Every structure is written in C-alpha cells, then in structure tokens.
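In what follows, subunit A forms one complex with subunit B and a second complex with subunit C.
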Partner chain A sequence: MRAGRAAGWAGAFLLAALAAVAVVGPWLLGTDGRERVARPYEPPSAERWLGADDLGRDLFDQLVIGARGSLGIALLVALAATAAAALVGGVAGLAPPWAAATLMRIVDLVLALPFLPLLILAAAFLGPGLGVRAAVVAALVWAGPARLVRAGVLAAWSRGHLQAARAMGASAGYLLLRHASPVVAPLLVPVFVRTAMTAIVLDASLAFLGLGDPTIPSWGTMIHWASVRGAMLSDAWLWWALPPGTAIVVTVTALALVGVATEDRLNPTLRKDR
Partner chain B sequence: MLTITDLTITYPNGHPAVQDVGFTVGAGEIVALAGETGSGKSTIAKALLGLLPTGSTVTGSARLDDLELAGRTGHDWYGVRGRRIGIVPQGAMTGLNPVRRIGDQLTESVRVHTQASRAAATARAVDLLDQVRLPANTIDAYPHQLSGGQRQRVAIALALAGEPQLVVADEPTTGLDLVTQNHILDLLADLRTKDVGLLLISHDLPALRGVADRIAVMYAGTLVESGPARGAAHHPYTRGLLAAMPSLEQDTPWVSIPGTAPARADLGAGCPFAPRCPWVTASCHTQRPVPAPVGNATVACHHPSDDRPLLFPPAPTSGGGVGSRQAVGPVATLTGVGHVYRSRHRQTVALAGVDLHLWPGEILGVVGESGSGKSTLAQILLGLLRPSAGRVEVAGNDLSLLRGRRLRAIRHQLGFVAQDPYSALHPAMTVAQLVAEPLRIAGTPRHLHAARVTRALELAGLPADLIGRRPDQLSGGQRQRVAIARALAGDPVLLIADEATSMLDVSTRAGIAATLRHLAESTGLAVLFITHDLGEAVQSCDRMVVLHEGVPVQQGGPQDIVGSPRPGYPADLVAAARRYLGAPAVTGSGD
Partner chain C sequence: MTVASRPAPARIGLARAALGRAGGYVAVFAVALTITFLLPRALPGGPLRTLGGGEVGDLDPAARAKVVAAYGLDQPLHVQFGRYLRDLIRLDLGESFNGGRPVVEAIREALPWTLLLVGTSVLLTAAVGVLLGVIAGLRRGRGKGNLLLAGVLLFDAAPAFWVGMLCILFFGVHLGVLPTFGVTTAGHTGLAAVGDVASHLVLPVGVLVATGIGQFFLVTRFSVASALHAPHVEHAHARGIPHRRVVARHLLRPALLPVHTQLMMELGWLVGGALVVETVFAYPGLGRLTFDAIQGRDYPTMQGTFLTLTVTVLVMNALADLTYPLLDPRIRARGRS
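Coming up: the complex of A and B.
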C-alpha cells in the first residue's frame, strides 16, 4: 500500500512536470520549432542538445513544443470521452429498459468496431487537425467506460440509502446529486486517466503512420519524420527518434501510476487497513 | 469425542475473539453454541475447521478423539476437513453451484473423501439424499429448482458425504421460515441416532432449546453458561436472551437487555456482562467470574440464579390506543388491492384482494413468510409501486390519480423504516444530517431543522450526544433507531416498518418495538408493522393481518388469531410458533 501511494505521487509529479514543460516551455524557447536554425542532420552539441533534423530545425525545440500537442490531445480526448461515457452510461442506468437496451447495443456496436483500421480511415478522410483527431479518438474510446458508469449507476440505485431517500419522496435530481453521484463520480477518475493514456498512444501511432499534421510538431510526428528521413539507418535515431519515444513512455507510465493509485484509493476491496 | 479446553483465539488485530472457552461434544450428541452477533461463536467453528484468517493465533486445545486440531496449518488439514469434520457453512443454501446438478455436487464430494467408483458414488449420493429426506430424483435437479429448505437439506447431505464424526452447522436455519426451520431441526435431531456428533451454532436460543442436548451460551468471546438444553437458565444474560423472545401470550412481558455488547478492546478485568447486568455488584466490575457448577450447568457468574427476577425495564404491553379511532378517519385505506409482477415468461401474483384500514394511534401487524407480499404492500402504500388492481388512499388522496411532484409530496407525510439498518444510512452522513434528510427533501425551512431533529431523536430513544456520529460508529440497534428518527422527522401520519427488527440482535428487538408502541400511543401515529415473527406481532400490534402468498388469510386482534387460527396457513403458523417457543419459560423455575 505504501509503495502504491509513493508510485502514485511519483506519477503525479512527473505529469505536473510534463504539463509545466508543455505550458511554459514553448514560450521560454521563443520559437515555434519550424525555423531552419542549423545545418541539416547536425549531431547534438553543447548548443543544440539534440541536434537538428533534415531541414536544419532544432530537435530539442521540437521535443518541447511536441509536449503541447501530445498532452493537449490527451486532455481533449479524456475530457470528451469521459463526458460521453458519463452521459451515455448515466442515461442508460436510469432510462426505461427499452431505451437502456438501445443505448447499450450502440455501445456494443462501438466496442465491436475494428479499432485501428477505422481510426486510420477516419484520420485520412477527415484531415489532420488537432480537434478532429481528438474527436475521432474520443468517439472510439468512450464505449467501454460507458458500460462501467452504467454498472455504477445501477449499483448505486440498489443501495439502501438511495431507496430510503426515494421513500422519503426525493426527486430524481436529488437522488442523482446526493446519493448516486458520490458512488459514480469516483469511477470517472480512472476512466479519465485511462482514456488519456490510450489517446497519447493512439495519436502517436497515427502521427507515426503519417496521418498527423506534419506542420505541427508532436512526438509522434517527430518519430514519423525520423523514420521517413532515414534516421534509423544511422546513429541519428539516438537523438531524433529515441527522445520523443521516451517522452511518450514516460507520460504513459506516469498516467498509469496515477491511475492505479486512484483506483486503489477508490476501490474499498483493494484497500487494506492503513 | 470433541473436547475443547481453554481455547483462546486471537485475530490478527491483537484482540482475543474467543477467550478460555471449554466444552465437549460426545458421539451422537447435539451441542448448541448460542450467542449474538460478535460473540465469537462462528470464530470457534472456523478454528475447528482451520478457516481462520492468516495471522490468527489459537492457544489451548481442541481434540477430536486422538486428533489435536489447534495449531494445524495448511496441508495438515487434509483428511480432517470434510473427512473427520463435516461443515454446513453459514448461508449454505445460497452457496450451491448454480450451474451443476445436485447429484454432480454430491458425487464430487463423496469421491473427494472416499475413493469410490463413479457408480458407487452415485448410489451413495442417493443414499445421502434419502438420509436428509429428499426424493432420489433430486439428483437431477439444479439448485434453483429447489426451495430454500430443500437446498439446506442438500447442504447437510454434502456435510455428511465424507462420513465425518463431527458435523459443524453454522446458522443452519437462519433465513428459513418457521415451518421449514422446524423441519430442518427435526432432521438434525434425527441424524443424532447415527454415531455423528453435531455442533450447532445459532443466535436463535429457543430454536436450539428444542433440538440440542446441551447448550453453551457465549457473550463477548467468553462462555457464560453451559448446561442441559431443557434445564433452567442461571446466568442473567441467558435469562435475558430467553425473555427477549416475544411470547404468543400478551401478558408475558417482552424485555430487552439495555445497552450493547462491549467491543473486545473495551473488556476490562471484570465480568464482560457487568455493564448491562441487572444483578451487578462491585465485585462484578473488578473480578472476572470463573465457570463453576450450578446444578447441572456450568455458569460463569458471581450471582447465578434461576428464579431471581430480572429487573430489566419491561417493554410496555399492548392494548389501548384505539380511543381516537372514531374521532378521525383512517390515515390510509386499501380497497381490493392486488399486484401482479409480469416478466417476459411468467406472471407472479404478489398481492390479491387486500382490504385494510390504518387508524391513527394503532399498530397494524402484517405477518407472513418471505414472498408473501409484505414488502410489496409497503411499496404500494409509499406509492413506489402502482398496484395492478384496487384503490389506495393515503391521507385522503387517491394515489392512482397522482403523478410526479404531487405523488412525492404524499411520501413526505409517510415514514419508512427498512429492514437493513446497515445499508439504509448513507455512510458519509452524520446522524444530524441523516435525520434531517426528509426535511431537506420536503423543503422545510432550514432554521426549523435542528429542533425537529432533536425531537425526532428523542422520540426514537436516541441520546442526543450521538448527533455527530457517522453510521459506522453506531451499533445495529442504534442505527435502526436513527432510521426510525429519520422516518419521524417529517412528522408523518403513518410509519411503515418493513421487518425493522429482523436484522437486529434478539436482546435489542423488544426495545425497538416498545419505542414504536410508545409513539403510536403518545403521538397518534399509525404504524404498519411488517414482520415474519408471529410472537413479535402479538407483542406489539393492536390488530394483525396474516398474509399467505399475497392473500390476507386472516385478520383480527392478536389473541383472536393466536387463540383461534383459521385452518390452513394461520393454523400452521401458530402451531410452528408454539412449538418454537415451546421450551419452558425462563421466568418460571424450569424443569
């Protein structure tokens, strides 16, 4: 339990650091990372820590600016998917049986869709804009969590204290606000963290396949260009592809640590006496 | 055969759950271990079977013939559990595998313990079913096709599968209705004729007195009294427990033992029962009594007595409360109410032809076994369920005409106390917030809340200093009183108590019923008292309705129903209750 909490705090600290980089980093650098500032394929030096790409653009600048793209999409997707899951799951938990059944069959349908091919198709057709990409990823990841939320609402509904309030003449709004949401809301925290995690990996995959916006620096785009421009054939992968890859791994790990820690805290069956 | 001496069991939290307990079970003997929630009786069963949580320590000795059971771990238990000691675990009837046939589950158990061939095991399974008086074709049934009583028989057959010397049955009749309960106890009594010893664990002292040879009563982890089942009781706790069982005769007082059992951490050097004891003296607080022989029994008490009066405050007896009936009309009227649950495949009649009037100041008892439609009736009165037939009038309003906000407004005038005090209170709210909830829901101005909460707590018999506590800091009885206070806060005209006492310890039940009685008499509240316990209804109600399979089969005063029950279900119910309470009364001298 102690170790789990420490890991949770470590994850939260990492996330905070990454978020700080994403927010103030580009502003400190004073560049948008698209200017040609060095010799193409320049190796790392004291001045340019990660060298330059094939067009002579600074790779360290790109890495910092890329944090904004990657974390931004994670945030957008997590917000949208959690909201959709809460809405659909909540409605399906409270609606009359026929409406709930219809909603849950839609959820089943979304879950059954071939995930990556559809994502690639959608990205190819709808274009590479940040908002569009976030919407596409969110549209595919909300379904599983929606089931979770519905189960939570149903469990809350059968609780004695909610039924007691119902017998006191409480309105549906009161029941939802006072008795159901304290049970269901904690479920949304791990949902948020997990969708953010999925979003980062999916977005990087899309960018790596060349379906991201090539003009906006992101970690996935960096790996894409490293691969396309032959960095993998020389030592250049060390400072071109490895840093963004590491950044993705660190971010996802940090999210996972936070996710596990919150789940431990919220799930009393996993919680041991402290 | 089984000899337990100085058994002390300590859970990983460091407090002894069981302290210095000793008793024996002979071959062919039925010994009962009785006690309320948390008395340590199930802990002893777990220790005998090696099912204690890891980190528990067992000292003392528990010998089964030549076999020492204390101090065994892991593999040492193979060949003992099931083979030498069979178990009927708590809630066994819900513990059968729902997707396997009874025969498969029995033969599996037989083959694990004896190296029988498949054919021999099947023959043995039929034989076992015959022993528990189930027809041979039960072998092809799935658990859901059997009734609760039949499943409990299967669980007993499973315990016998390994031909054990000792069978430990943990609460084998809890959750069964009285008639079935008597059948199961008869069955257990008959198994005694074999060479099997039986250790029966239950909170239900009167039921145990009917079947066991000897009874050991536990309190707060210690053995307070053990002796012949039908002999007189000597320890004030045993006497109190027996007097806490509601009698079918209204003039026999129904008492409750004040207070609650102490937590193990709070146990001092004195007698654990001293804080609740009516006979307490100075030495009781300082010296723990040692078990000593009194007549045929062994009693751990400084002042044992089988005839000294128990001066617990008696619960007020029923009667009266009908004076205002002519002056005001009924608070609720049901006319020809019926309800049918429809699912895709079948229709279930939950209620049919119920005609009832609930009068102010009157307690109306609704008695019936589970599935008799008692709770459906409560749901209909609260307007949570629309009956499929008939007319329901509450406080002068026809419920079928009301929807939404106006229907909810009716509920503000009703109080509801549910069966389970553990789930019915929001765990994060304080007593003050809980009791004020109906006021908040009804939109009562905030400045009135504090006064109304104080009054409701007082009416429900709760000390005002509990107001800041949360539910997990309260005992079961206190929680149920909070639920009653909550139901009273909105100044209801009708209180619906749905099995409000059935999950509470016997020693606190009478107190709750007395509180309801006092409320009805002093405030003119109408009470619908739903229960499965006939004695409890007789003791607390002015009028009773017996429900059977949704049909009100008899209605009338408690003495009319007990004195001249109609043939059929009411007669069976009264006979079963009489037999259940048949053991000699405690307040008398005993035999």
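Coming up: the complex of A and C.
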C-alpha cells in the first residue's frame, strides 16, 4: 500500500507544519488579531492578505492565531480522552464480570445522552476557558474509545501465548505489561487521532454557535462573526469564512490521514496485498 | 448505544436478554431524568438572572420573592424533583420561562420536524456510507478506491455548519434552486406541500449525510478489505459463484455487523448533532428549541427538550436492537433452540 503510506506521511508533514505555525506564527505577526488596524470590511491587499473584519481587525492574523487554539484543544482533549479510555477500557477488560458490567453500563449511558446539547449546555454555563472546554469535550468523547480498548484487552487476553504464560504461573501484572500491552497500546494511536479530530470540529461548532472565547481569535469564532456580520451576503465570505473553514478541513484531514495509515499498518490481515 | 454491547451467553434465553435490555433502557432513562433535572440547577448563572426575559437580579426583594415562589424555586430540591416527576407523568413539562408557553406544546411542534430530519439522515448516512465503503474496500489501494477514501475523509473533516453555510450560498443564493431555511413555504397544498417539505429537507439532510458518513464508510471499507482474501470468500469464488453475489453475501453481509455497532454508538451523536444544522438552516426542530432554551436559561424548556432527545435516542436504540437478529443469523438460531 504505497499510496496509503505516502498519504500518511503527507498528513504527518502537514501536522508538523501546522504545529510550527501554531507555536511560532503568532510571534511573527503585526497584530494579536484583536487590534483595530484597518478599515472595517477592508478587502484583501498585498499588505493585508485576507483583509479585515467588521471591526477592522486583521483576518490573516486571526487565522494564524486560530491554529494555536484548535491544535491546543485537540491535544488536550486527545490526551485526556485517550487516558480515560485506556483506564476505563483496561479496567473493564480485566476486572471481575460484575465490575466490568457496571463500567460498561456507564459507558452505554454516556453514549446514549444527547451529546451536543449537553456540550452546549455545559459551555454556556461554565464559560469559554480553554481548560473548561477541553474538560467538557473530553468528558463526552472518551466513552466510545473505552469500549474499543476493552474489546482489545479481551481479545489480547484470549490469545494463545498469553494463555500459555498464564498456565505457567505468570502474574497478572507481568501478563499485562509483557504480553497484553503490546497488543492494546497500538489501539490507542487511532483513538488519540480520532478524539483529536472530534475535538477540533466540536470546539469550532461551539464557537460557531457563539459560545467560544470572545477574547481569543479562533477559526470557529471567525466563521461565527462572518455569518453574523453578513460576510456571506457579499464577496467577503471568500476571505472571511472560507479560509478558517479550509484550515479546519486541512487540520482534521491531516489527522485522519495519519490515523488511517497507522490503522492500515497495524492490521496484519491487510498487509499481504500491499 | 445502550445495552446490546454484551452478547448474552447461549444458555440464557432471548427473553431474559430482552428483559435485561429493557432494564438497561429504564436505567438510562432514570439517570437522564436526574441529570436533566439537576444540571441546570447545579450550574452557575441560575434562572433568576434571566427569568421572564430580563434581568431579575435587580428586582426589589418582594417582587423577587414572588417570582421565585411562582416557579417553585424556593422549595428544597427533593420537593422540586418530586413535583417535576409528578408533572412529568401527566405529561406536564411546565411552562417556558420565556413567554409562559407550555413546553409540551413547543416540543409537540418541533419533534416531528426533528424526527423527519434525523430519521432520514440516519438511514441515508448508514446506507450511503456502507455502499461507498464496499466500493472502496473492493478497490483498496487502487486509484478509484483511494480517490473515494480521500473524498470521504475531506467531507468527514469539514464542520457541518461550515458546509451548510457554503451550501446555502451556492445552492440557495447563486443557483437559487433550493430553499435554504425553514421547513415550508406558504401557499402549497396536497402533493405540492409534500414536495415543498421535501425540497426544504434536501440541503440539511445532504449536509448531515455528507459530513456524517465517515465512520460508516471506514468501518465497511475495513471489513470488506480484510475479508477480501478470507478462505470462505476464495472458496465462494472457486465454486464459481458470480462476483456480485460473493460481494453481497460473503463480504457485505458480515460487514454489516460492525456497521450496526457503529450506528448504535453514534445515535446519541447523530440525534444531538442535528442541532448545528438546524441552527444554520433555521429548521424549527428540537435542536434549535434546545439551543434557544439554553441561551435564554429557560429551564423547563431545556429539561423538556433534553428528555425528549434522550428518549428519541433510546427509542432509535431499541429499534436498532430489534433489527440486529435480522443481520446476525447466530442470534436467530439461538432464539429458535
């Protein structure tokens, strides 16, 4: 699967570039995206590549600063949700049946709740801080992956070499570290990638609904103001609404490419027709 | 996804499994009931801030006490909860803080539209996702398959609200071929009215399907691709069974089981996720009602819509549960024995 691998590398390269923009970019800008430096609704020019919004704030600068927020929340949510999924899924795969059943009921419950309304409720009441948003999104997205991890642990447990080691008297801790974790750990890569993707889109959705942090420029907030301030009614959507949306698509697609490439690589049944 | 996670051991009959499932639904409902009751009350920025559409914090103490008593907010929590349950049994969800309209009435108006939107898009999402997944799975690693994969990943990465905005601009404003907001245009009767509603559905459903098929596509593509050289498939080919039938019976059918699991896992997401699209297209469904209620700190409406959304997810879950034996012959066999 050469094309798949190339796409995976392309995704990784894109992500690295985006991360560089997010880390270094804001320092190289003329403004912090909040200062009024131009005419309101100014169209793009050689000096101001994406023009200005209704308050005369530089849109290109906002776009660059937005990378920080999106990648930041992706990283935070993915770390927290993957850790939670590994913990709950791992425990549910090893615990006695009644405990496992209880844990999985909790997972079922989280999955059955109307996800987005709950998220909006929490965002509306708890405020728009980055940490709060990340915690809320993570609290809702860990459940599906937890089930995946548990299935992985159960599958690992029934493997022949693991059963053999157990029959020879290996302790549970040894089995877990030496034999189960190499099988389960690769599962966490796609989990990490997928929760990061979900986090970016969800966070942008919240911002689009007007629940983002108004003091920090972000891609979702840019689209929100573009929509509210009538950019869609003129050509302004081209430099106001299109770039941040494209940025989201590029970032999430880059993550997806990495995710699909690792999944394909990890699956031995697919390897032979490479 | 609630209760179908653990396949019941063969010895336990289907009846007992069904009973366990029903118990699971009741448990989810009870917890949802408690959450929907407690959450708005426990969070900061209580109802007194915006009660009746204005800032009540500035009211003089007497008027404030009157408002509080009128809505029962001065009672201890357990009394409020008891009253909430009692009213719920009578299908009385209270009156909106914002305008005093009965919540049940507002939900009754919004629910059919959401069911229409969500029902159509869930079915189409699964169907289109599976179909494209099979095509891409059969052509994995080749030009067309890769192209399809790239296309689906791109749409999967796009936020629904943004795609919706671009669709409004393109199909509504530039081409002018499709309505871009609401559910009806005045002045249609009979068949024309049905067509009118359908034309209002095209864009929101299209956006939900295009941005939602990703996981279904990937799951199907994966199972088809990994079973492509499985012994039973090669054997079927060797027996001279036509390619189409091999695909339909030996690749597609087993691939539907993980798709079904995926569907159950995503229901809560698909039902709630319609909210953003309803907002973009000014679609008068439950999602919009919920969003407006949250923005206005309208507790009774919020509780009502959350409960309705949870029940919707549970009912769809139950439906999906019931269709599972149709897909998995092993479960049917167990029922017969």
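As a working rule, the second predicted complex is superposed on the first by the 270 of 274 C-alpha atoms of A that agree within 3 Å, B and C clash if a C-alpha of one lies under 4 Å from a C-alpha of the other, contacts with A are read in each partner's own complex, and residues count from 1 in each chain.
Definition applied: a residue touches a chain if its C-beta (ideal position, glycine included) is under 8 Å from a C-beta of that chain, and two chains touch if they have at least 3 such contacts.
Just so it is clear, the structure is predicted and the values come from calculations on it, not from any experiment.
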(request) Could you tell me if A:A256 is touching subunit B, subunit C, both of them or neither one (first, second, both, neither)? (result) second
(message) By the touch definition at the top of the document, which applies to A:A17: first (subunit B), second (subunit C), both, or neither?
(response) neither
(message) Is A:H179 touching anything from subunit B or subunit C once the two structures are fitted on A? First, second, both or neither.
(response) first
(request) Would you check which partner chain A:V228 touches, where first means subunit B only, second means subunit C only, and both and neither mean what they say? (result) neither
(request) Give one of first, second, both or neither to describe whether A:A99 is in contact with subunit B, with subunit C, with both, or with none. (result) neither
(message) Between subunit B and subunit C, which one contacts more residues of subunit A in the superposed model?
(response) C
(request) Have a look at where A:A6 lands relative to subunit B and subunit C in the superposition and call it first, second, both or neither. (result) neither
(message) Between subunit B and subunit C, whom does A:S205 touch in the aligned arrangement: first, second, both, or neither?
(response) second
(request) Using the touch definition from the top, say if A:L87 reaches subunit B (first), subunit C (second), both or neither. (result) neither
(request) Residue by residue on subunit A, keep only those touching subunit B in one complex and subunit C in the other, then list them. (result) none
(message) Can you tell me which positions in subunit B touch subunit A when the two form their complex?
(response) 382, 384, 405, 408-412, 414, 416, 418, 420, 422-428, 437-438, 441-442, 483, 486, 490
(request) Can you check the complex and tell me which residues of subunit A touch subunit C? (result) 1, 3-4, 7, 101, 104-105, 107-109, 111-118, 120-122, 124-126, 144, 147, 197, 201, 204-205, 208-209, 220, 223, 227, 232, 237, 241, 245, 248-253, 255-257, 260, 263, 267, 269-270, 272-274
(request) Report the residues of subunit A in contact with subunit B in the complex, numbered from low to high. (result) 159-161, 163-171, 174, 178-179, 182
(message) Quick check: in the complex, which residue numbers of subunit C touch subunit A?
(response) 1-3, 5-6, 24, 27-28, 31-32, 35, 39-40, 43-45, 140-141, 146, 149-150, 153-154, 156-162, 165-166, 168-169, 173, 218, 222, 225-226, 228-229, 265, 267-269, 271-273, 275-276, 279, 287, 290-291, 294-295, 302, 305-306, 309-310, 312-314, 317
